[in-house]
Structures are given as C-alpha cells and as structure tokens.
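Written below as structure tokens is the structure these notes are about.
Chain IDs A, B and C follow the sequence of writing; residue 1 opens each chain.
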Amino acid sequence: MMYGFTWDTATPLTYAWSILPIILIGLTVTLKAAAAGFAIALVLGLVFAMLRRSRWRSVSWTTACVVEFLRDTPLLVQLFFLYYVLPEYGLTLPAFLTGALALGLQYSAYTSEVYRGGIEAVPRGQWEAATALNMTRMQTYRDIVVPQIVPRILPAMGNYMVAMIKETPVLSVITVLDMMALANMIGERTFEYLVPLTMVGLIFLILTLICSAGLHRLQKVLPKAGIPLR
Amino acid sequence: MPWVSYLPALAQGALVTAWITLAAIAIGAVLAFVAGIARVEGGRAVSTLALCYTELFRGTSLLVQLFWFYYALPLVGISFEPVATGILVLALHVGAYGSEIVRGALTSVSVQQLEAARALNFGRMHTLIHVTLPQAIIEMLPAFGNLAIETLKLSSLVSLISIADLTFRAQSIRNLTLDSAGVYSLTLVGYFAMSLVLMLVMRLIERWARRGAAFPRAAHS
Amino acid sequence: MTEKAPAPLIQFAGVTKRFGALTVLDDFNFEVAPGEKVTLIGPSGSGKSTVLRILMTLEPFQEGRLTLAGMDYQEPGGTGPFKASERHLREIRSHVGMVFQSFNLFPHMSVMRNVAEAPVRVLGLSRDEAQARAVDLLAMVGLADKKDHFPSQLSGGQQQRVAIARALAMRPRVLLFDEPTSALDPQLVGEVLAVIGDLAHEHDLTMLLVTHEMRFAREVSDRVCFFDKGRICEQGSPEAIFTAPSHPRTCEFLASVLR
C-alpha cells in the first residue's frame, strides 16, 4: 500500500501535502465502507421494524430483544465478534465486508427505530384501505407505507449516516485500510503522528459540515405527503 | 465450562470500563452544561468558542480524537496517563454531544416562562438558575440517558490506547485461548448488562426528578 | 326482496364481538341476500361500523359463525386473532370492498394510480387494462378530468368519489359504506350520494350502508336495520321503519335525527 509513496517531513505543510494522496485513497475506502454499511442498515432496519410489528408476539418480542441488544453493545466488540467468530463457522468475509456488516448491524438498531416512528405515523386508515383492496402486507409496505414515510424519515436517516461515517475509523482495527489505518501507518513510519491524524480529523470535520448543510437543504425541498407517484 | 475461567479477568476489565464511563459521564455533563449554557447565554465570543468546541468534537471521529491525544500530543510535549487521556477524550466527545442537548432544552423553555421571570424582575443569572434550568433539565434527561449508554459503548475504544478495559481483556483472553465465540459473547453480554443497569439508573433519576419537580411529562418530548 | 329470498350471501349467526371487557356485538344474527341494499342506522356506539369492519376482516370476532357466499370467515383449526390463515382472509376480501368515512386515499399517488394500483398488484391486470378501467370508473363518478391530480388537490366530495371508484375497481360482490358522507361539508354530500344512488341500481352489487342521511336511506335501500346496543332491534322496508316504527327505541332515535 505504502510502497512507491514518498513523503517530505521538512515542514508540516510539505509533509501534509506529500501524504495527502494516500489519505485521500483512505477516504474513498472510508466512504465506501460507510455506504455499504448504511445500505445494510437501511434494509435490515426496515426488516426489523416490520418484524416488530408482526402479529405473532414471539416474533415481535424476539426482534425487540435483538434490536435492543445490538443497540446497547459496542460496535468495536460486535466488530471483533464478526471478525473472529464468523470464520469459525466457515464464513470468511473480506475485512471490508465484515466491517460494513458490523456497521450495518449496529446502525440497523437505530434505523429500525426511525422506521418504526415513521410507520406509526402512517394513519391507520391507510392500512385499512390497503386491506380493503386486498393487498398483501408486503405490497402494503412497498407501495403504501414506505413511499409515505420516506420524506418523514430522511432527516433522521441522514443524521445516522453522518454518525456512521464518523465511526468508520474503528474498522481500521480489523485491517481495513481506511483513512485512519493509513494515517497510523504513516505515523509509525515517520514517528510523526500530529500531521496525519490532524488531517484525518479535518477531513472528517469537513465531511460532517458538508453533510449537515446538505441535510439542511434536503429538509427544505422534501415533499410532505410522501413520494409522489404518478 | 472454559468460559467460567474468563470471568475474573473480564470482571476486572468491566470495573475499568465502569470507572472510565462514569468519570467521562460526570466530566462530560459538566462540559455539556458549560458549553450549552455558553451557547445560549454567552456573549458573541463565548458562544462562538462554545460552538467551535461542539462542532470540533462532534465533527471529528472519536477514534481520531483518542489517537490524536494519545500519539500526537506527546510529540509536542503534552502527555497524560492513558487512563486520563481516555477519560478526558471521551468526556470532551460526549460533552460536545451533551451541549447540543442542553442548548436544545434551554431554548425550548417557553417564552411565557421567561417573560414571567422578567416581570418578576429576576436577573439573568437568577432566571437561568431558578426558572430555565430546572425546567430544562427534566427535558434533557431522556436524551442524556441515551448519551450515557452511548458513552459506555464508546468507552470500548479506549482499549485501543492500551487501557485494560473490558474490551481489552476480551482481546487478551481471545489471543490466549482462541475461543472467540465464548469470549466475545460473554463480553457483549457484559456490556449489555451494564447498559441495562445504566438505563435503569437513568430511569430512576428521571422519575425522581419529575416527582421532585411535580412536572408532568411535556407533551412534545 | 319481497319474493321468496334466495340463499343469503352474508350470514351472521350468533356472532359475539368484544373489545376487551366491552361486548359490542352480542349473539348477533343478520342475513343479507345477494344484490340486496341494506342500510344500517342507529345511535353512536351501537356497533354499526363494527359489523362492516368484521365483514372487511379489519376486526376479528370471538364467537359465532359468519359466512360469505358459503365461505366461513373462521377456519376450523385456524390460528391468530382471526382464526384463519392470511390466504383464507385474502380469499374472503376478494369479494368485499369498503368505502371509509375518511376516504383513506393514498396521498402519494395520483387519482389514476389510486384506482389502478390494486387491480395491477392484486388482480394481476396489465397496467393498460387497469388504467382503461380506471378511466371508465372515474368517468362514472364524474371525475375523468381529475385523473392526474393528487388527492390533496381534490375536495372532500371528489376524494370520496375517487374512493368509491377505487373500491369498485376491485369488482367486489359486496360493497360496504361506513358513513361515506359524514366527513363532508353539507354542500358536498349530494354529489357523493348521487354516485352511491346510481350504484344502488346495479342489480348484482350487494350493498351495506351505514349513514345518517335518512331520506337517502329511504330512497335507495331494500331494507333498513335499526341498531341498538349491538343488536338489530327492528328491521324492515324503509316505509315500515320510517313511517311506522314499532320499537320505542326506533321511534326515539328517528325523532332525534329527523328533528
């Protein structure tokens, strides 16, 4: 990874400039991990939210427990668990995927709550109308419920996405070569951590500020009644 | 039952985790109130300073902050004990999140209340301490409860700066025994149990605060 | 319905419905013949909506037997609150449609899509065919020109007419109306009643109508049932009920609604 790169530690500025390309490579890994993790969280969270509303007590209760457990235990330990335990059961995933899965699992606990709030805000008459039209539960979710909750839940989901981006550095402990891992490696080689770590922090800060501004704008343009379907 | 033999070491780690979490919550709460009040009540300079603190520690990742304090700062001659570093960084981090909660709750106290205070000719400090804060604190408690759990979870990151907390112990035992499933399951359950206790305590505090203040739960919270 | 009645399409036999400790229907018996237009009237809380909601499988019931075209609502050995499988319930629902007091149109879909969506998804019609049918139905309720509007752009009366078209698009044998005009401004009631009145001429369509529009009930129904406390305490032809009610509760109720 680091071969072929040279750095110039003469002054902090030249140093920063010389390692910027490496850090930016790490940034793409960070963003990819967050994107993959968030995709998992979006899907899994919806599944959890739906299972929680199941008519069978045992299903909804078990789901509630699983979600609570995922929410109340650290991402880092969940990450170690997946990284070390999955291979014991013959499921050896690349570190990147394991990391994305851990992020997705942890955040699915959060997103499921967001979905739940959104689903509960859909008036009961909408469900009843769907039943009266003989739609299945899956069709009701897909065509009636989800399109109506999307505008309502987008801001909260956006916040969780930003939060997830900021948690990706944890993946560096299972050898994912994200920004954090690369900054650490540079630090180990040069014995100069201040500049690379500060750069990583700054990049996160910029990312966060951009995302927040974007979310702010998004909230202004969102439709109120649901995603219009012609 | 090999996992029984892990228990003593894990319990020791859990104690460290509990200590770091509680210390970070305590210091973080102070920081949250200072920064939150500064943002609402402070002058231009003070509130800008508080805003910078909040954005800086919310906007950069906790792990980056930890490594920055642990690896980078000593190079410019500033260093603490690892445990002190862990507590300090964790406190700064959750304090920044907490300050947003404080700010939100303070600004949500109704205008009527503030006008009533003004009508009684309360001073600014007096209004804050006797009118705004008592109402706002109760509004903050549920969010602070979540933040406390968050602090516990995030405290696991201090294992990465070689503090022997629960996660660190788990790592050591797993490296020794290679029994990943057993060790990590136990560790997860340990964290879960601590979360539940924390949740229960926060619930009790909330109930006690509501009873003490004789406030009904606000409809919008 | 004056001749010898054919086998009933709907039959409640000793149905009991409870919400917790509250018994809403108690040993309820009620039959509806195919094609019959029945109006349910009665004071608030007497269980009229509950009857319709049970028929639409929106509410389960605890005891007794309910059949629709010979099909039992509850399956022997069925589980869950409905004591029936989802498949069985869907089979029943395929014969029943419902028009709600609050319209319950889908706010994120155009009028066209509101009407055509379920036929595509549930009946498996091609989108073209479903839309062609939707156009016909919208024309029938007088809203052909609104097909690309969204519900929020329509008046309450127009929304309710779309809801009727939407229910009809599923070709139900039984159509249930639960106070279809109660949520409307008085000046919009007429247009909705006109549409329902037209439907009353459909020979094959069985209609159950809950309404407080007594004059309209009198015009369109074959039979009027007066509900009180979860029972039908009097029923008969509109003339009989409205001109010569025999039960004191009926007299009292009619006196109160007709001023």
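Worth a mention:
Everything that follows uses one rule, which is that a residue touches a chain if its C-beta (ideal position, glycine included) is under 8 Å from a C-beta of that chain, and two chains touch if they have at least 3 such contacts.
None of these values were measured; they are calculated from a predicted model.
When chain centres are defined as mean Cα coordinates, B lies farthest from chain C. The interface with the largest number of contacting C-beta pairs joins chains A-B. Distance between chain centres (mean CA atoms), chain A to chain C: 46 Å.
Chain B has its Cα centroid 22 Å from the Cα centroid of chain A. Note on chain placement: the centre of chain B and the centre of chain C lie 56 Å apart, centres being C-alpha means.
Note for the complex: chain B touches chain A at residues 55-56, 58-65, 67-68, 71-73, 75-76, 149, 152-157, 159-160, 167, 170-171, 174, 180-181, 184-185, 187-188, 191-192, 195-196, 199.
Chain A makes touch with chain B in their complex at residues 69, 71-78, 80-81, 84-85, 88, 166-170, 172-173, 180, 184, 187, 191-194, 197-198, 200-202, 204-205, 208-209.
On chain A, the positions that touch chain C within their shared complex are 55-56, 123, 125-126, 128-129, 131-137, 139, 143-144, 147-148, 225-230. Interface of chain C with chain A (complex): residues 56-58, 80-81, 86, 90, 93-94, 96-98, 100, 102-110, 112-113, 117-118, 121-122, 148, 150, 152, 163, 166-167, 170.
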